[in-house]
Amino acid sequence: MTSKRNFEPVSGNDLPRFAGIPSFMRLPVMSLDDSDIDQVQIGLIGVPWDGGTTNRPGARHGPRQLRDLSTMIRLKHPISHIEPFSLVNCADLGDVSVNPADVQDTLSRVTAFYEKLKTCNIIPMTAGGDHLISLPVLRGIVKNGPVGMIHFDAHTDLYKGYFGGFEYTHGTPFRRAIIEGILDPKRVVQIGIRGTMYDGEDIEWGLEQGVRIIRIEELYDRGLDDVMTEARAIVSNQPTYVSFDIDGIDPSQAPGTGTPEIGGFTTLEAQRMVRQLKGLNIIGADLVEVSPPLDQSGNTAWVGVSIIFELLCILADVIQGQKQP
Amino acid sequence: MTSKRNFEPVSGNDLPRFAGIPSFMRLPVMSLDDSDIDQVQIGLIGVPWDGGTTNRPGARHGPRQLRDLSTMIRLKHPISHIEPFSLVNCADLGDVSVNPADVQDTLSRVTAFYEKLKTCNIIPMTAGGDHLISLPVLRGIVKNGPVGMIHFDAHTDLYKGYFGGFEYTHGTPFRRAIIEGILDPKRVVQIGIRGTMYDGEDIEWGLEQGVRIIRIEELYDRGLDDVMTEARAIVSNQPTYVSFDIDGIDPSQAPGTGTPEIGGFTTLEAQRMVRQLKGLNIIGADLVEVSPPLDQSGNTAWVGVSIIFELLCILADVIQGQKQP
Amino acid sequence: MTSKRNFEPVSGNDLPRFAGIPSFMRLPVMSLDDSDIDQVQIGLIGVPWDGGTTNRPGARHGPRQLRDLSTMIRLKHPISHIEPFSLVNCADLGDVSVNPADVQDTLSRVTAFYEKLKTCNIIPMTAGGDHLISLPVLRGIVKNGPVGMIHFDAHTDLYKGYFGGFEYTHGTPFRRAIIEGILDPKRVVQIGIRGTMYDGEDIEWGLEQGVRIIRIEELYDRGLDDVMTEARAIVSNQPTYVSFDIDGIDPSQAPGTGTPEIGGFTTLEAQRMVRQLKGLNIIGADLVEVSPPLDQSGNTAWVGVSIIFELLCILADVIQGQKQP
Amino acid sequence: MTSKRNFEPVSGNDLPRFAGIPSFMRLPVMSLDDSDIDQVQIGLIGVPWDGGTTNRPGARHGPRQLRDLSTMIRLKHPISHIEPFSLVNCADLGDVSVNPADVQDTLSRVTAFYEKLKTCNIIPMTAGGDHLISLPVLRGIVKNGPVGMIHFDAHTDLYKGYFGGFEYTHGTPFRRAIIEGILDPKRVVQIGIRGTMYDGEDIEWGLEQGVRIIRIEELYDRGLDDVMTEARAIVSNQPTYVSFDIDGIDPSQAPGTGTPEIGGFTTLEAQRMVRQLKGLNIIGADLVEVSPPLDQSGNTAWVGVSIIFELLCILADVIQGQKQP
Amino acid sequence: MTSKRNFEPVSGNDLPRFAGIPSFMRLPVMSLDDSDIDQVQIGLIGVPWDGGTTNRPGARHGPRQLRDLSTMIRLKHPISHIEPFSLVNCADLGDVSVNPADVQDTLSRVTAFYEKLKTCNIIPMTAGGDHLISLPVLRGIVKNGPVGMIHFDAHTDLYKGYFGGFEYTHGTPFRRAIIEGILDPKRVVQIGIRGTMYDGEDIEWGLEQGVRIIRIEELYDRGLDDVMTEARAIVSNQPTYVSFDIDGIDPSQAPGTGTPEIGGFTTLEAQRMVRQLKGLNIIGADLVEVSPPLDQSGNTAWVGVSIIFELLCILADVIQGQKQP
Amino acid sequence: MTSKRNFEPVSGNDLPRFAGIPSFMRLPVMSLDDSDIDQVQIGLIGVPWDGGTTNRPGARHGPRQLRDLSTMIRLKHPISHIEPFSLVNCADLGDVSVNPADVQDTLSRVTAFYEKLKTCNIIPMTAGGDHLISLPVLRGIVKNGPVGMIHFDAHTDLYKGYFGGFEYTHGTPFRRAIIEGILDPKRVVQIGIRGTMYDGEDIEWGLEQGVRIIRIEELYDRGLDDVMTEARAIVSNQPTYVSFDIDGIDPSQAPGTGTPEIGGFTTLEAQRMVRQLKGLNIIGADLVEVSPPLDQSGNTAWVGVSIIFELLCILADVIQGQKQP
């Protein structure tokens, strides 16, 4: 790879970290039409959308605030010593163009973008946006049968519908994905579930399909290691997506989100769980539901990009591993 | 009217103004199905909607924050000495049920609500919600030919479309209303217009239809009195709607709104302009675009309900005048 | 009970959760004069008062913000599967009318309200207000000899006086209640106590009376289960009140309170402790010291109503159990 | 006066203005028991009280935030070129000890403090606290018959009572003072009055006593100069107090206050009106109702101390004038 | 110019205005090393620096927040109908690399950057940063004798030194520039000056050099038109720089700045004054002292970019005029 | 010591805790020139400096906000029952005069101040300011060979340089101190280290010198007790400094800091670790990096002063122990 150095973040020695136009991780900005696009291995993409939000909106502003805070991220993982930006070519591929006033139009646009990405063989690290965006992302990149998923969240997002049967909201993406055959429910693990319930139908339906739902109490009672060992076993070495809803984390650490539930896991626990994804066959990841108007301080976005960095290290390691026979 | 006292706000002597469940102006809460609904003369209604918002959402939370702050409003107008709640029967009719994820469904629901209101002969004082809601409100209450409008705003809301031709957003309601024949463009006056322009097509189209657009500079150069005299002449004594977008007011005084434009008129000027609507044939009014996530302090909502009180005094006076031969 | 369905919260399918006038949990609003009042089994009441606050005021605004956030609470408990609003008749009984400028007048008003409540056989779930309100609540509902109390808090609230001997503040209610014979100190357990001390006299006095004071360090060293087992044993199956001061929870999770102390328990620990109250003979509960001006985001109130829901499930279960022979 | 230089503020050259313990204007801190107290000519005093507040509390925190922001004030008036700290001896006399839980006790404490001040011949520049504090201040310093007052405010504070007849709140001080014979209503001018009214009884009562009430509309219609000329004529050269409620200023410029009313005068207008008090026989002044929890940014307090500096220049000039024959 | 369309902002129809990586005005990002750099006519540059700040820091974060808010700016001026991005080639040239810990090193870096810019014949529109940055900007672009300046500000920035004689702070740039011979004091006009004074030496020195200082009172007493006519006459048709300190505007409209002074001019007045610069021989402009930590809402930055757009229209018109014989 | 009572904090009974001029812990304010200075045993000092901050500034405002919040601290430690203000003479020695625009000048000023303090035999409890201030503090008080250090932080602060080799920033103090021979690296323990890395050179260098670096994961895996036992062994009974960077604590509990890293230890853990310093030979301590503009609520400062109180109890115990044979 002759041009690797072009994919390195702007150095803090050249320009202080608070300076400059904020791309994800200070990476180069490219478009899918770029002539060098085939060199990109991991694409960081924003989907600035909250049209699926049933309660408090604002996640459409997530990608921009995440980019802003991401400039404080450095180069090397403190535990694994992975340097993702040296290991593989990463680039900021900008935001997908959405239509804030039309759900179906937006779903089509997002799917089309990720289909192109798939064609380019780029692994997506997506920043939401509300959780509905995981559906068109999966539609775009899953083309050869259903995939598994490790899903960190306070909610199952397996609801049937809202507002009189409307089936496309941020509470329904994974029910749709299972029904559409792009998620294999028997290889879906949900971690951190909690909060009061409407009627529990989402959970019943999920359990019937074979989804493994791990409530927050079980997570603490068994311990992270035990739970993650099970999660790894469930998804096994088959293609697996990772979806991280920021509201999985306790709202004291991530208040900027539309549907908080008290009693979540901590950021350190989040980091340690993500680190245990190492070696799995991850085909893409997303970090969703950061809502800047609900936390103008940027603290929630800082948590978000810190998790994105953890995910990037996992993804870079996957790619690196694939190259080595 | 024997039951008039039932329509009086909870007194601050009985319950401090910060206490109690916040209905609009501490008025009784009623529904359109209520057996006493025929006694209501002015209905205060919330339309908690921001699905037409092209940029920064949050106006769906407007009605609740407006209700909260409205409990600080007292009973009597300091200049006109009108006591609207004594003069006519006012009630809080709750929020219209909207579908946050579907524009057309919501437009239908809102129109249906206002058609019922019209049947009950209740004059609506609506709290938004983004500005798109004026369209279904007008659809609901205008049944006998186009009406005039006095419109306070930073923007014309006469745009053609967004995001590739989408015609139902908070920037398009009055173009739609003119095209649908429910607004008579020759009796529409827009006051406070300013801000950078896409291409000016909205203004050109409006001028061609006969809309009178009064920019902020003209307002100051001629003075409020002169402008309002002209405005009154334009709408004359025919049925007229009043639409007040909070972003007409300078963003230093009303920061909690999605599309602020610097250089607006002041709250005192707003009060004085509304007071000059006295005696016109007003058929309803709205106050829109208060976005609580953009001003958690409630200061913008406080401006909003203070203007709503001014409008209520005008509406009460209209009704009172109609009763007297 | 023929009219049970009238006591159900407004459904999110009928009206989005951010919409509508915010009563507690979207329950019907009733007054003690209501003809149906005898059907109510649990009353949710606000006491909007902070006149007993010795440092940072604002708790008078607590009930309104708690109501606002409570509309995000759903219907069913995720662990116990209790559905309190189906199980028993709950209603929002509004705010007690207080006098912000007179302590003794307010104490009388609150006591009078709760005496009426007692007469109606309604179990109160009270939202403060500062902690002084627990005193008049207890005065109102305890009529047959002293009761026990499980008290979650950072402070003992057993102080003697402030500002030269003034004995009615939010730091003194339980000393007053013990002296007045409405609390049995030998059946009082305080959990979460911490923070710097004036001189420790409150603790010494409490210990002399037989109060069981469990500091935060003991809570963690022994574990929640062990501590709660002891607490249950202390109050036994006799009538017991539950008082939950939001400042028992760590200030990172509940910053909106007047007298925070670092190093508190977490929300999940709070939930788990409250869940262990199941089956006790609870006669009422309060959640106090949420101060909205110190957390305009509503995050603290969200914690507060989440705990109120936990308490409601316990109370509903008590009532349900009493009905069954 | 040999020790004048001891009364100079800490210089920004010696210590940056953001550094150091914040006394008012960086002046020396003294107590009434200090041996040098007789050298003090103007005392800056805080009265950290909001027990008279009928709606949103927080003004008890006013003095501290005002001190904090006051360290940005420099030495010399830009128009009059008065250097108050060189001209007369100014000192920070600390906060009066109040009892947050007892109104009458607090009134007594404040009056006692100001009586001592009067004995020391110190002119008070008081920082509130809510507006009730003006009553005990006046009680303390007015000993030889009623005085006049120039009063900047949105409200008359001439109300009869609240909450069932309670007569000591921040809405009643001047009615009490007139009734007690310490204010001469015929020499009282109120400027900036506005906002919705309960019933107007306060205004009627005031007018009957001879109070001159200048609404905001009259202020603008006639112009500042004309109004201030009248105000000066009304108080003439007899002893006059100045009371400045921060809510007289528009809430966009001074949002941190408990009872805002839209449509107020600007800070520049406030400065220009205060400058026109020059040469009057001012016996003391206060600046009240800054409520830090309602504006944590300190912007409102910055407005407050900027007005306090204007008042200090007027007071220093009075003292200077009295010394010169 | 064949490649003009490359310099157009991303359209809101292609990508909603809240989406995408925020460059200034959504313009293309280029560096001085870019091969097309000679096509750029106006460069928008950030100088993320607050090392000259004597009181409250944060202006180093200004450029990023200004870029963020600038994406809400549209294409066409509402009064002059100038479309700057169509008229001339504008680009975002990124941030100058500064050294947050060394003043002199930073001054050198900034000057070097602007010297290159000058070589490329690009007119700079600079976004600060604190006001010290105007000095190295002027050093970089003024090479043929002193220039004039129209300077909007609350402060003269003509101070001699701080903290024991330190001469390079945000209060001293224009004294340094005059002494260095890059500003002609007789062609310097300062508008909006106000606030308390240390000792007035800055003003005396400025007047001695011939600087025209127009205080806020004079601005209002004479009116904007009269003052701007004088200002235009003073700078005449010789090369003139425009420096706009956001603190010239009233702090209610621009609170996010380190040294606010109450009683400033309004945003509309600012717009109208800038519009009167049309036709002058402007060689560059800056907008400084926006401090995001002091206004996380972005409202101040929104004012800032709105003024930058006004300045861009003036600059584009200058360039356009120069091309036409 | 006859005058011990002069060193007691103002009592909350004499003046409510929200009232009065805020000195540290309401202690008397003294200067090093004071005639009673030899009676002071522990000095609380502010160093209002952020000129070494490489990213987000604001720590210069730390001392003032810490003083403000410190007035809520009471007198007695809840576990050890130490009453530091009774045990030894504590005083607020004000802020060191810094030069916000010059690093080296400031380093000299701070060192000079602490050399004087050393001469007076006063043990310093310093409140920052950014972490660079620990360097001049150590330079001032370490005169007899290198000392040990227990260092709580998210970062090692052992970096080599920034911005092209600049060696004096808040990321470099302890490398400088080791190189200068005032810290003995073999007796330095760092606890809580985490966050992404530039390249890990700081850690490698530290390990080579013999610094013991305990990452957050090790802290949790081994438990606090085990780690603190090791830390005590490493510093042994030789002179040891304690440096507490607030960013060691999780950012959800201490958000007001310039370089947060997710996944930190809790406040209760911080308290328990500091309590285990009892009996060590502590020669001084600091608490740094509280940045008020990043947390206007004061919550972070409240955490800071709560830790300062813990440290004061340790320091008072050291002094007390030295007096007793």
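In order of appearance the chains are A, B, C, D, E and F, and numbering begins at 1 in each one.
Simple rule for what comes next: a residue touches a chain if its C-beta (ideal position, glycine included) is under 8 Å from a C-beta of that chain, and two chains touch if they have at least 3 such contacts.
Keep in mind that what you see is a predicted model, and the values were worked out from it rather than measured.
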| field | Count of contact steps on the shortest path from chain C to chain F | value | 1
| Equivalent interface to C-F, which of E-F, A-C or D-F, with over half of contact pairs matching by residue number? | A-C
| Mean-CA-position distance for chain B and chain A (Å) | 41
| query | How many Å are there between the centre of chain C and the centre of chain E, using C-alpha atoms for each centre? | reply | 56
| query | Residues of chain B touching 2+ other chains? | reply | 16, 18, 54, 56, 60-61, 100, 162-164, 250, 252-253, 294, 297
| message | Once the touch criterion is applied, which pairs of chains come out as touching? | response | A-B, A-C, A-E, A-F, B-C, B-D, B-E, C-D, C-F, D-E, D-F, E-F
| In their shared complex, at which residues does chain B touch chain C? | 14-16, 18-23, 29, 46, 48, 60-61, 63-64, 67-68, 92, 94-95, 97-98, 100, 296-297
| task | Could you pull out which chain A residues touch chain F in their complex? | result | 12-13, 16-18, 72-79, 81, 250, 252-253, 266-268, 271-272, 297, 299, 302-303, 306, 309
| field | Partner chain C, residues of chain D touching it in the complex | value | 50-54, 56-58, 60-61, 99-103, 105, 162-164, 166, 168-169, 293-294
| said: Applying the document's contact rule, which stretches of chain F touch chain A when the two form their complex? | reply: 54-56, 162-164, 193-200, 215-217, 220, 250-253, 255, 259-264, 294-295
